[in-house]
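Here the structure is laid out as structure tokens; the discussion comes afterwards.
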Amino acid sequence: VSKYLFFDDYSEGAHPEILKAINEANAGQQRGYGGDEYCQLAAERIVAELGVSADIHFISGGTQANIVGMSALLRPHHGVIAVASAHIAQHEAGGIEATGHKIIAINSPDGKLTPELVDQGMATHYDEHTVKPRVVFVSQATELGTVYTRQELTTVVDHAHQKGLLVYLDGARLAEACAAMSPATTLADIAQTGVDILYIGGTKNGGLFGEAIAVINAGLREDFRYLMKQRGALMAKARVMGAQFARFFDEDRLWYQLGRVANDNARTLTDGLIAAGYEFVVPTETNQLFPRLPVQTVVRLEKEFGFYRWDSGREDPATIRLVCSWATSAEEIRRFVEATAREVVS
Amino acid sequence: VSKYLFFDDYSEGAHPEILKAINEANAGQQRGYGGDEYCQLAAERIVAELGVSADIHFISGGTQANIVGMSALLRPHHGVIAVASAHIAQHEAGGIEATGHKIIAINSPDGKLTPELVDQGMATHYDEHTVKPRVVFVSQATELGTVYTRQELTTVVDHAHQKGLLVYLDGARLAEACAAMSPATTLADIAQTGVDILYIGGTKNGGLFGEAIAVINAGLREDFRYLMKQRGALMAKARVMGAQFARFFDEDRLWYQLGRVANDNARTLTDGLIAAGYEFVVPTETNQLFPRLPVQTVVRLEKEFGFYRWDSGREDPATIRLVCSWATSAEEIRRFVEATAREVVS
Amino acid sequence: VSKYLFFDDYSEGAHPEILKAINEANAGQQRGYGGDEYCQLAAERIVAELGVSADIHFISGGTQANIVGMSALLRPHHGVIAVASAHIAQHEAGGIEATGHKIIAINSPDGKLTPELVDQGMATHYDEHTVKPRVVFVSQATELGTVYTRQELTTVVDHAHQKGLLVYLDGARLAEACAAMSPATTLADIAQTGVDILYIGGTKNGGLFGEAIAVINAGLREDFRYLMKQRGALMAKARVMGAQFARFFDEDRLWYQLGRVANDNARTLTDGLIAAGYEFVVPTETNQLFPRLPVQTVVRLEKEFGFYRWDSGREDPATIRLVCSWATSAEEIRRFVEATAREVVS
Amino acid sequence: VSKYLFFDDYSEGAHPEILKAINEANAGQQRGYGGDEYCQLAAERIVAELGVSADIHFISGGTQANIVGMSALLRPHHGVIAVASAHIAQHEAGGIEATGHKIIAINSPDGKLTPELVDQGMATHYDEHTVKPRVVFVSQATELGTVYTRQELTTVVDHAHQKGLLVYLDGARLAEACAAMSPATTLADIAQTGVDILYIGGTKNGGLFGEAIAVINAGLREDFRYLMKQRGALMAKARVMGAQFARFFDEDRLWYQLGRVANDNARTLTDGLIAAGYEFVVPTETNQLFPRLPVQTVVRLEKEFGFYRWDSGREDPATIRLVCSWATSAEEIRRFVEATAREVVS
């Protein structure tokens, strides 16, 4: 009997509409490496959605997007300011360092940077004996599922620019963030914050795979495709990514919808756990939940469900991470909550 | 009116059987990053096909496979011996150098290495002032469409091993090579030559994308997945590659079939051009052709067909490259030959 | 009028005996790149002093020694565990990251690692999504002037080895550490702790420049000179370093003497400041002092003496760093103490 | 009995005047890392000598200078056009590749680039699949001891600039080149050719060690010291290099003198060998000679003198390399010629 998985948002395949688009784009000849009609259409739709001029590139995954993006922004002595829990700092096996750059990691309880935290990163630099900060790396949503308000994000971007820094936005879960942000937020609003470069996540939002990098700052666009090729990130049959993103940003804006559904599923699961009496280490804002459960309960749940522990493994109650997606089963959410509840009454 | 493309073997989508396999694998939950049932099945089938113990990893493209493969084989001061026309030396935007390693490029008229050419590479090294050769990089088929015989390949591998070198085989077009090799050749035969690591090409042989790396040399297997992750080459929904390779090596061995069809198409086109009176700079052995045509003819053909010039652009007759695939239209082959023939009679 | 400098221990030239040795070694022909008689003699004396088999290499500075040393120990996905205040983490402009490796920085109030802190570094690793720790980097003396006892150092080394880690010792101020360690400690004692590789500092201990790397672990010796050359660290007229280290470890063991003198000078200065009523953020163990003085005093002292502030610049009292060396003037020490004392009485 | 060495121009110590300058600069306190009076004086004198605005930095050796220089000029996808015999291409253990960059090596019989050869390098680039040439690397004198005329050098620089390339000049033996160039040539003349960055060799011209990098192109100056530090090339007691270069460019312009003496010694040796009936594979222009001698003679000479074979070791007559310097003994030159002559008569 196989377990139901709340591990992450990429344990599902592609959304049916995305799969359909891939199938439709499969027939016939198209130029390779992004010179196809689908990538062109997708790029046009994304630029329209952003509402600003931008170069759009499609890359097969988030780590690769971050590696290529950083190499476009940094000279050899430059570093990246990021929160210590950032994906690039913790979960990319040193991919940024492998391209030669230090991540200046700043502790942040909620996974978000602030002007003060940026300044903390700046303070590690004084002269040529130290790494020179050049990029502020923000994730929206963060690794903790939290979300910058539009004001918070604008404030960080403005502060970074005032300090001579560029801003890179990791949007692996940007659809979920847009759905959670207040007031209602689109990619155009994100672009308006002034970020220099961002990627629009597909893999974790119902795509088969693929992220769309938008290079908004015109000064950073030159030769971007060389950097992609050099890191192995220029896909031969890129139409498969073009087709997905063209579908994401077709008239129904499927991309936003799937982010909302993922959040709604997480909300239902969160509310169930709250009703069952559990607490959360951070409030649920998007599609990731971090509840605290008795170790005894966790051990039992692990036999029926897949999810990660999110602490040292020695605390009781333990913190776990549950992730919902566009595909999460309402029935399994109900079953999970019930399973936890059993413990509380005993 | 769009042109018919002989540019390459990745201007088509996936083969219908491969697309079907992708669709079938889309439903339901699977563990990410290669921990799924499809990758496991594909790996088992490939190991069976190789007939030797090996670790199998799936990577989205050939340049990425080469980058990751090299980083598994080399210490910082090591270099790679390859022919000057090798993909890593000419067409990967310096991806190997970007990981810190020199390619010791040796001229070879037919794109193949020999013990003598390997020794030429070795002779560039004398002490710590020079790069130390560590890997011999062979492509089968080569960038010129030529193919090592089984004996030639074995001889190069044995020689490399005697000199203390490892052998990496770039198999972007290994299916076409297997179809062209004499005597009839399987992956098991390739493994028997003693190569330490190879990749089995999917993208250029009817896959949607993906290459399967086989690490045969047990001493090179440790931590390979770290190197993949670090270079952005660990795909979240890797099932999409597992499904393709499981299908390639299902009972009908579709992978070999598609290589044969590509070669047959190239043979038909070659024979037509020979009959029309044209010469070739290298004999056609696999799915790439390098005929010489009058510049006047080439200019006219470029209006109806897509293909690359393969010389400086100043010679007359000009050398062009035509690539066939599993999907090449027999009708378009006939049309192309006719179009060239017109010129000859005038 | 020029200020007297307590900035560091390299604002002086070479010790007269060292300068004499350089002069004596200047005449006549010698093979380049370390193939000279002086390097050979120095290596023999250092090996004798260590009391264990080792390969000895001479490198012009500490940052370079660390860069080359790390590249000998690490595969691309490996990281280095170090305290957050380590020289490689703070003051080498990202030199280690520029060779592709992450420094796993652990906070330590006294600049020393312990088994617990090493484990904290190990805990950042769980699988191929994270950097794999491979080296424990210790400084003796530390950046805070503190010193591992022989027992502490042995404990950390043993623990690292049990966890499958290698140990690299940065000995920029190892002479000062040896003079401060209890019981009386020699290089042989350091070698007995089991460190795999260390460098013996010359620049900060009366040399004109140069550090001697001792590769004790036989498994790490292969091709070390290639790594030196590749990083620009193989000096043509290496005799100039050989002569210095041959002199350092001549019969009078000048190297140890100079470390003791530096510590003694720091002791005198420390005692003076204590007597004047000042406190220290860490106890003075070697040749660096970290007293806290009123900002008003610091501002006045800066007009007469050179030294660094060692805090954010906003605290009062401020923490400053004073460094003594083999050459520090007793008169200037007295003058400095007096200058601070004036303030206290007012 | 030790052999007299014609191996190279760094088997001697420092010139007595240089050693004297080092001794004089040893006393007293100076700021570290190039903030000393000697580096400042040397920089002023070099700028005056160049006759153009430039940032001057001192680096301990040529390989290091090349590594740092390249990292100031290149983005990750950029490559360097150089002759195949260039020091960076053959004798630096892959140092440039270790910083991530491909050397586009062009064969040149005399070690010099021409506009045609630069174009040959440019022709390897067509789009993002190939490395983008960004720098033309010239050595003056070349590895073969040949010298660009002032017109040749200007022509290459102008051509490079027209093609959007920067020019880096490796001046390890620039003093010898200046002495050999026609018309009589100074550093000001070199600067007038328009090179963007160059290094002025000290190590091979009577220095104890050290090269002076002059960054002439103002657009390349920013943060150069960071790049030095990051590669371990910022020397703590840099005064030792400042003192040498201040002396080199003191009123008597010792630097030019020593280049002339080295060439004169090579001329004497060349004329002796010509008189003895030997031929040269390239004409002697500076301080390196490449005569061809019978293998029998070479074998005998190797017992009395140190020098390198400069061919595969299988030819007869063999090509050898002899290098003279400011310190070469007239008596040993006479003895060497005599020793070869004996053979001819027999």
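Note that the chains take the letters A, B, C and D in the order they are written out, and that residue 1 is the start of every chain.
The working rule: contacts are C-beta pairs under 8 Å (C-beta built on N, C-alpha and C of every residue); 3 or more make two chains touch, one makes a residue touch a chain.
Treat the numbers as computed from the prediction; the structure is a model and nothing was measured.
Student: With contacts counted as defined, which of the two, A-B or B-C, has more C-beta pairs across the interface?
Tutor: A-B
Student: Same residues or different residues: which describes how subunit C and subunit D meet, taking over half shared numbers as same?
Tutor: On the two sides of the subunit D and subunit C interface, the residue numbers are mostly the same, over half being shared.
Student: Could you tell me the distance, in whole angstrom, between the mean C-alpha positions of subunit B and subunit D?
Tutor: Distance between chain centres: 42 Å.
Student: What's the distance between the Cα centroids of subunit A and subunit B, rounded to whole Å?
Tutor: Whole-Å distance between the two chain centres: 34.
Student: Counting only Cα atoms for the centres, state how far subunit B is from subunit C in Å.
Tutor: That gives a centre separation of 51 Å.
Student: Going by the touch rule set out above, which residues of subunit A reach two or more other chains?
Tutor: Within subunit A, the residues that touch at least two other chains are 76-77, 92-94, 98-100, 128-129, 226, 229-230, 234.
Student: Touch graph of the chains shown: is it line, ring, star, complete or other?
Tutor: Graph shape here is complete: every pair of chains touches.
Student: Within their complex, state which residues of subunit A touch subunit B.
Tutor: 2, 4-5, 7-8, 10-14, 19, 22-23, 25-32, 60-68, 92-95, 98, 203-204, 208-209, 226, 229-237, 239-240, 306
Student: Looking at the complex, which residues from subunit B come into contact with subunit C?
Tutor: 71, 75-77, 99-100, 128-129, 132, 223, 225-230, 234
Student: Which residues, counting only subunit C, touch subunit A once they are in their complex?
Tutor: Spelled out, the residues of subunit C in touch with subunit A are 76-77, 79, 90-94, 97-103, 105, 123-124, 128-131, 312.
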